[in-house]
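You will see two complexes here that share subunit A, one where it goes with subunit B and one where it goes with subunit C.
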Partner chain A sequence: MIFTRFIKYLKVTVLTIVIFSICFLKFDLNAQNSSIPVFGNWKNFTVKDGLPSDKTYCVRIDGDRVLVGTHDGLAVYENNTWKTYTSEDGLAHNGVLSIDVCKLTGDVWIGTMGGLTRWVSGKFENFNQFNSGMPNDLIYSVICDEKYVWVATGGGAGQYNTHTKKWEIFTEENAPMHEPWTYGVCAGDDNIYIAAWGGGVIEYAKKTKKFRDHVDPDGNMEIDLFPDDGVVHDITTGTSWANGNLWVATYFGLSKYDGVHWKGYFDHDSGLASNFINYVKAEGSVAYLCTDKGLSCTDGTNWVTYTKNKNNVNGKVVFTKGENIKEITMSPSISHNFTLGVDIKKDVIWVATSKGISRGELKK
Partner chain B sequence: MKRHYWVFGIFILFFMFQGEKIIGQEKKEKKVMYGNTPDDFFPYNNFQKAYKYHFLEPVQFYGAGREKLPPKDIKEVRIGFLGPLDGSPIVPLGKQMLNGATLAILEANRKDGYNGIPYKLMIHNDVGLWGAAANEVVKMDGEKVWVWLGSIDDTVSHVALRATLKMEIMMVCTGDPDPTFTETSIPWMIRVISDDRQSGYALASYIFNKEKHKRVAVIRTNSRYGRVGIMEYSEVATRLGHPMMIEERFNEGEEDFKMQLANIQRSKPDAVLIWGNAKESALIVKQIRAMGMALPIFASDRVVSEEFLKIAGSDAEGIVSTSPYNPDADNPKLKKFRADYIKQYNQEPNAFAAHAYDGMNLIIKAIQKVGLNRVLIRDVLTDLETFQGYEGVTGKIILDGSWNDIGDVFIAKMKNGKFNYSSTPKMKRHSSKSVGY
Partner chain C sequence: MKKTRLLILFGIILLLVVIIAYPGRKLARAHVNERTAVTDHPLLCSSCHLYTSQNKYVSKFINEDYLSPFNLDIMNDGEKLLVVAQDANALLVVDTKSKKVLKNINVGIHPHSVIIGKEEKFCYVSNQWSDNISVIHLKTLAVVDTIKTGNGPSGLSISNSGEYLYAVNTFGSDVSVIDLVSKEEIKRISTGSDPTGIALSPKGKNLYVTSRRAKIAPYGDPLISELTLINDNTQRLTKQISVPSAYLMENIAFTPSSDLAIMTLTRPKNLVPSIQVEGGWMMTHGIGIVEQKEDGKIIQLLLDEPNSYYPNPFDIVITPDGKKAFVSSSGVDYISVISMDSIKNILASTPAKKLKLYANTLGISKRFVIKRIKTGANPKGLKLSADGELLYIAENLEDKIGVINTKTLEKEQSIDLGGPTRITVARKGRRLFNNAGHTFQNQYACYTCHPDNHEDGLVYNMAGKDMGRNVTNTQSLREIKGTAPFKWNGKNQTVYKQDGIRFSTVLTRTEQFSYDDLDAITAYIKTGIKYPPNLMNNPSGELTESQYRGKKLFNRSIDNSGKEIPENGRCVTCHPAPFYTNLQLADVGTLSESDDPILFDTPHLNNIYSSAPYLHDGRAETLEEIWTLYGEEDEHGYVNDMTKIQLNDLVAYLKSLRGPEYEKSKPESYANVHLTNK
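Moving on to the complex of A and B:
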C-alpha cells in the first residue's frame, strides 16, 4: 500500500517536472536561423595526416592552399597533401604563431617565435632584432595593411614600410600604452587597433598618425564594474575589425565596439563558450572566437558554439539566442576544444587547435 | 486526493530549487576573496556591486598534452631559471635568487635526482634587448625545460608570462611582487612570494590604524616597480580617508633628492613612505634626516637588505617596512636552510634566496609526483590542493584563486641597527556577505 502510494507520488513528481520544463524552458527552433553560418562535415588533420606537430597556433587560407602555423614548422596544405617548411628551409623559427598574406603583392608574412619571415617566390627572408629595427623576436601577431606590415610583440608594436624598408616602433614612450606589451593587431577602416597587455586597445589613426587608447573605465583588474562602459578588461589578447565593428578578445570575456558604444559579453550572460579567448577573427557581421572550451561565433545577438566530446571524435553545436538554447550533435566535430586560430573563406572554415587542425564546410 | 498529489509535486519542485540555492550559498561562503582583501579595501565595495568579479575561481588549462609520454633517453632533467644576473641594478637580488634555487637542486641531486637522473638548472639572464625575457623563454622551450623559475622585475615577468603561455611551460615566480602579475588569468604560473598588494595592505593598516597617521607623503621610483607597487597602498589609503598628501618621483640611479624632499616638507606630512630600490631609498633616508625632518619613515620591502643598511647607516633607525618572510622565525626548516646557505655561499640568505629555495623545492616535488610532462606538472602545481599550505623555509604557502601567495607578510622595524620582525596588524578580512558572493 505504501509502495503503491509512493509510486503514484513519484509519477506525479516526474509529470510536474516535465510540464515545468515545457512551460519555462521552451526551445526556440528559430535560434539557428540567424546571420551566422553553420559549418559541419568536419575533417581533422594531425601528425598522422602529415602535420609536423599536433600543436597548431594559426591558420590562413591563401587561395587554393592553406597555411598552418605549428610548434614545429609551417605546414602548407595544397592538392590534398601537406608539406612542411622549417628553419632548415630558411624559416626564422619553427614555432609559427601568426600568418598573413599581402593583398597587393601576395607575399606571405610569417610571425614566429624567433623573428619575422617574408616568404616570396619560394624564398624566405628573415627579420629580427639584430638585423632590423624590429621590436622583439617573438611575434604574436602579424598583419599586412597596404604597403605596411604590422607586428605585435612583447617589446612593442612595429610597423614595417615595405617600400622604404624601415621600421617604426610604438611603445609606452610614443603611444598611450602603460607598457610596450602588445599581443594582437588588426586593420580596420582608417585605423590600426593594437591589443596592449594591460593597456586595453590602442587605436592608431593612419591619416593623422595620432593615438587614442580604450581602457576599462573602472580602473581595477579584479572586477568589471559595468559591462558596457568600455573594453571588459585591460588585459587584451586580440583585435579584429569588420563591418564597422571592432571585436576585442581578452582572457576575461569579449568586447564589441561600433565606434560609439561598447558592449561586453561573458560566458554567463551569452553563448560564449568561455571567457578565455585566445584569438578573434571578424568576417562580415560575425566574430569567430577561439576559446579554451570551443569555437564560438556571434553577430552580437545570436551565438553558435562548436565543441568536441571528451572521449570520442563527436561533439555538438550549441545555438544560443538570449535564454533560448538548442543543441545538435555533430559527428565528427572539431579536433579539440582548445582553439587558437581560425580563418574563413566563402563556404569553408579552418580551425587551429591544441591537437590538430580542423576543416569544416558550410551547411546548406 | 489527486489535488494532494499536485501539491506534493509543487512542494518537491520548490525544494529542488531552494535546495540548489542553499547549496550554492554554502559553496560561495567557502570562497576566498581575491588577494584576501578586507571588505573595507575592496574596490567600490561600499558603493556598487560589480557586474563581474574575476579571480574567484582558478582558470583551468583545457589544452592537450597530458597524454604525452615522458622521454626515455634523457640524461638530465632540465629546469629553467630566469633572473637579473648581469646589467641590472637588482643583480644582488637575482644572484641570491639563483643561489636559493641552486641549493635546492644540489640537495635534490644528492638524493638521487629524479629516479637517478640529475636535475640541471638552465640559467638565463633577463636583461638585454627589448622584451628579452620573451626570447629567453623561447630558448628554454628549445632546451626542453620542464618548468622554470623566475623572475623579479615586473617588466620581465609579464613579458615572460605571456611567452610561457604560448610555449606551455609552467612558471614558478618567486621574486616579482607586482600585484598585476597574477591578474592576467594565465593558468601557467604560480607566485610563491607575497606581493605589493599584501605589503600595501599591511603598511596602510600599520600607518593609519596602528600608528594613527593622517598626512602621509610618498616618494617613489619612477619605474614600473614604483608605479604599480604603490598602487595598492595608495588606493587603500584613499579608502581609509587618508589619500597621499603628495607623490614625488625619482629616477633609478638618481642621488640628489633635495628638490622632491623640499616639496614634501612644504606639504607638512606627519610621515613619509618611500617606494624604491635599496640604494635610492637609503640615500633618501639620509637626506630626509640631513634636512632636519624627524618624522617617521616607512618604506617598501626592498629596504630590508644589507645594501640599504650599509648606505643608510644609523639614519635607518626606526624605519618600518614589510617583509615577505621572517628570517628570525622559529622554524627548523629555515634554520637548516640558513646554515646550509651560509656554508655554501658564505653569506646570509635574503627573501629572494629563501623564496627561490621554496619555489624550486615545489618544482622538484611536482616532478617527483607526476613525472616528466609539462601539463601534468602545471596541473599539480596549480590544483590548490597538493601543495596548498606547503610548509617551506619562508613559512606556510597559501595561494588564492589566481595562484597568488596570500600567506603571511611581516612588519620589519629597524631597532639598534637590526630589523625586528613582527606580525602585521590584524585586518578585518572579508565576510560571506561581501559583494561578489
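Moving on to the complex of A and C:
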C-alpha cells in the first residue's frame, strides 16, 4: 500500500518535474531568442542545381527573385530556376561581390571585381575607373541611398549622384582614413558609415558633408585591450545600421554602437561563431553575421548560430544567452561554414557561402 | 584762294574715290575671296558686317523676335489651343474659332511641350532651359506654380490616375515622376540617351519614352538607340528596347486599340563614306512600329520615296478611329498621311524576314502613305481635335498653326499667331538650316546631323571613296562665331567656306547655296544659335569646391612634384577662355592610322559636358577616357601625375564650362568667395 502510494507520489512528482522542466525550458528558449527569428528547412544550391559557381559572395532578395553574386557571374533565382549573367551579357566583371536594389527605381547595382554595373530591365551599364569618376574597379560593397549610390572600393569610397551623374571620391586625401582601402558601406540616421581598412568606421554626415572617424581607442592590433571603449578593431570589414544601432564587423570581433556607447562581442564571451566576420547585415533589432565558422545572429543579448558538420550535410543551431547554451541538430544545415553574405525578407533567409547558397525558412 | 581750296577738296575726294574704287576694291575683293574661298562672292559688306553683328543695337535693328511655335495641346471641347512659343518663352492661348491669340502667358526659358491635366483645371509647360514646369490654371490663365524637374525637361505625359506628371529630361537622360498633389518630384527613372517623346498607352499601363541619340559605340559598331518602357502603376522601368540602325526617335503615339505604338525615326548611314550621298540612301527617314503583343517586333518602314526623301520626321498622331496617322516631316515642310489599315496589312501579310528588309526599302512608302500635304516652314508638334476631325500643326518657322481637315485631307485657313511678318536674313538662314531642299534628293538638312543646332553624337566617315578613313565626330554649331577655323583639320577659315562650294561637293551633292542663301545661313549660324544654360553642372556661375580645384589644375604650371610643366603641356595654353581654344592647330597624340597626316584644330570647350563622345574621331566615350585611356604619353596635357581625385576635379571643372556669353559675365566664383574670407 505504502509502496503503491509512493509510486503514485513519485509519478506525480516526476510528472510535475517534467511539466515544470518543459515549461521552464520553453520559457528559457523563448527568453533567449525572443527577438531573433530561427530558420530551418534549409535548402542548398550549388553548381549542380544551376549556380554558375559554388563560390558565392553576396545575396540580395529582390521581390520574387533572388540575386546571387558568384565568382563566375550574377545568378538570378526566379520561378525555381537559376539564370546566369556574365560579362558576355554586359556585366562589368564575373566576380560579383555586392548587390543592392534601389527602392525608388528598382535599378539593381552590382559591385564586381572589375567595376560597377547598373542592371535595369535586362540592360547593363558599366562604370569603371577609366570611363568615370569612380574611385576603383574593385567594388567590395555597394548600397543605394535615395538618389545616391555609394561604393566601398579598393581605392576609396565613392558617391554617385544618379541625378547629376557625378562621382565624388573619399580617400585618405580628403577623409580621415588610414588608407584608401574600404570594405563596406551602409546608410543610416542621416549618416553614411564606411568600413575603412585600418581606419575603423568613417562616419559621413549627409547634411553637413563632414566626416568623423571611429577607431579602436586602444589602438592594439592583436587584442581589444579595453572592452566597450570603441570599435573593437581598426580593421573593419562591414557596417550595417538598423533600429538606431550601427553594427560593425571586423576580423577580430563584432561591435555595436547606439550613437553613444560602443559594445564589443567576441567568440569567447558570446554566441558569436567566430571573430573572423566577413559581412554584417542588420534587420530590425537583429544583426546577422557571416563568419568563417558559420552564421550568427544576435540582438546583443541572445545569440543563434548556424553551423554545418564537417563530414555531412547536417549541422546544428546553437542558442546562447549568457551561460545558457542549447543546441539543436539540423538536417540539412547551411551549405558551408564559410559564410560571406546574407539577406532576409519576412519568412526567408538566404546565405551566401564559399560552397553554394543556402535558403532557410522561418521556424514557427 | 577759295577756288584753290575747293579744288584741293575736290582733289581729295577724287583721290578717295579712286582709292576706294581701285586699290580699295581690290583689297576688299581679296578680303572677301579669302573669307569665302571663292572669287565671285558679291562684294557686299553687309553680308558679314551687318547680318552677323552681335552689337545689341544693330542686332535689334536687323533681327526680329519670332514666336516659333513648337508643340501644342487642345482642350476637349476643341475651342482653345495651347501653343508653346519656344522663342518667345510663352504659352499662347488660341481661340480656334476666331483663330485669334487670346492670351500670351510668360513661362520659363525655351519651353518645349504642354499638356493639359486630366480634369482640365491645369496645364503644364516644360521649360527646357529652366529645368522646371510651369503650372497654369486654365480658368485664370495664370502661372500658379513652378515645379522643379531634372535637366532639360521636354516631353510630358499624365499618369492614368491623373495624379502624376511624367517629364522627360532630355539633357539628363531620365524621366522625372512628379506628384501633382505635392507638386514635387518623387523619383527619376533612367532612359535611353537624349530622350524627348513620351506616350501613355490608352489602356493606361505602359509609357514609352523615345531617345534621340544612339548609344555611344566605337566607330564601326552598329548603331543602336533605346526605347524605354515604364510601367505606369509601379513607376519603374520595365524594359529597354534596342532599336537598331536608328536615332532621332523624336515622338511616339499609340493606336486607340493599343495594339501598336508608332514612333518617328531617322536611319543614318554614318559608316558609309559621305561621298556616297549621290548614290542615295545616306540618310533615310521613317517610322518604327512597336507591336504590343507578346514578343512583338519593332518594324521600321521608310516614309521616303526613291528620289524624294521626307527627312526629320518629328511628331506623330493617330486619329481616334485608328484609321490614319499623320507625321510632320519637318525637313521638307510636309505632313505625311499614313493609312493605318495599310500598315496593318503590311505587317500581317509580310514574312518577318522580308519586313526587316523594308527598313531599307525606299519604295515601301507608296503602300501606306496616302497623301503628302504641304505646310508652312518646319512643321513640328501635331495635335488632333478630340473628335479627330482637325489636325493642328505647329509651323515652327512660320509662326503659324496649320490646320488640316482629316477627312478631306485639305488644308484649312492657318492660324496666324501674330509673329513678325518680316523674314530677316538670319530667319531665312534658320529655315535653310532646317530644310533639306539643298541636299541631293532632300536626303537631309543641316538639322539632321546637328539636331537642336548641336551635334548628333555620331562619328562619320568623311573620306572620299575609302571606307573608314578620316572618321570624324560631329561638332556642335552652338555659338561658334569666335571659334574659327572650322572642321577638325581647321581647313575652313570661315563659315562661308565651310558651307560654300566644298560643302556641296562633299556633303549635299547638289547645287551649292546661292550667295544670298549662303549669307543667310552664315548669319544664322553665327548669330542665331545659343547654348542652353549649363544648369546641371554650373547653374549660377559659382564654382563648387571641386570645380574650383579643377580650375586650378587647368591653369597650373607646376606638377604635383613641384616640377614646372612645359607651356604646351598646360591645359590653359591651348584652351584659354572665353572659348577655351587658342584657335591653333595641334598634335595631341591622337592621330590614328585611318587619319590623313594632319594636325587637329583645338576645339572649343564651352558646354563640353554635352558633346560626348570626345576627340576628333569620338574614341573617348567620356571626358575621363581622354586621359585614362588616350593620354598615357602626356601629349594631350600633362596629367599623369594627377590622383583620381584631381582628375575628377579637372573633369568637374571642364563640365562646368558654359557658353562664352555666360563666361564673360561671371558672378562670384568659389575662389573669390572662399579665398577672400580666409
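FYI, the second predicted complex is superposed on the first by the 331 of 364 C-alpha atoms of A that agree within 3 Å, B and C clash if a C-alpha of one lies under 4 Å from a C-alpha of the other, contacts with A are read in each partner's own complex, and residues count from 1 in each chain.
The rule is short, and it goes like this: contacts are C-beta pairs under 8 Å (C-beta built on N, C-alpha and C of every residue); 3 or more make two chains touch, one makes a residue touch a chain.
These numbers were taken from a predicted model, which means no experiment stands behind them.
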First (subunit B), second (subunit C), both or neither: which does A:155 touch? both
Quick check on the superposed pair: does A:106 touch subunit B, subunit C, both, or neither? Answer first, second, both or neither. second
- Item | Partner chain(s) touched by A:266 [first = subunit B, second = subunit C, both, neither] | first
(message) Taking the superposition on A as described, I'd like to know which of subunit B and subunit C A:336 touches: first, second, both or neither.
(response) first
- Task: With the two complexes superposed on chain A, say which partner A:235 touches: subunit B (first), subunit C (second), both, or neither.
- Result: first
Quick check on the superposed pair: does A:164 touch subunit B, subunit C, both, or neither? Answer first, second, both or neither. second
Partner touching more residues of subunit A, subunit B vs subunit C, is chain B
Looking at the overlay, what does A:132 touch: subunit B (first), subunit C (second), both, or neither? second
In subunit A, both subunit B and subunit C touch residues 129, 135-136, 155-156, 171
Counting only contacts in the complex, subunit A reaches subunit C at residues 104-107, 118, 120-123, 129-133, 135-136, 147, 155-156, 162-169, 171, 173-174
The subunit C residues in contact with subunit A across the complex are 150, 172, 174, 186-190, 226, 229, 234, 236-240, 536-537, 546, 621-622, 624-625, 628-629, 643-645, 647-648, 651-652
Contacts from subunit B onto subunit A in the complex sit at residues 5-6, 8-10, 12-13, 34-35, 43-44, 48, 50-55, 59, 61-65, 129-131, 133-135, 137-138, 141, 155, 158-159, 162-163, 166-167, 179-180, 183-186, 224, 436
Seen from subunit A, its contact residues with subunit B in the complex are 8-9, 12-13, 15-17, 20, 54-55, 57, 93, 95, 97, 113-114, 129, 135-138, 140, 153-156, 171, 179-181, 183, 197-198, 218, 220-227, 232-233, 235, 251-253, 264, 266, 274-276, 292-293, 336-338, 353-355
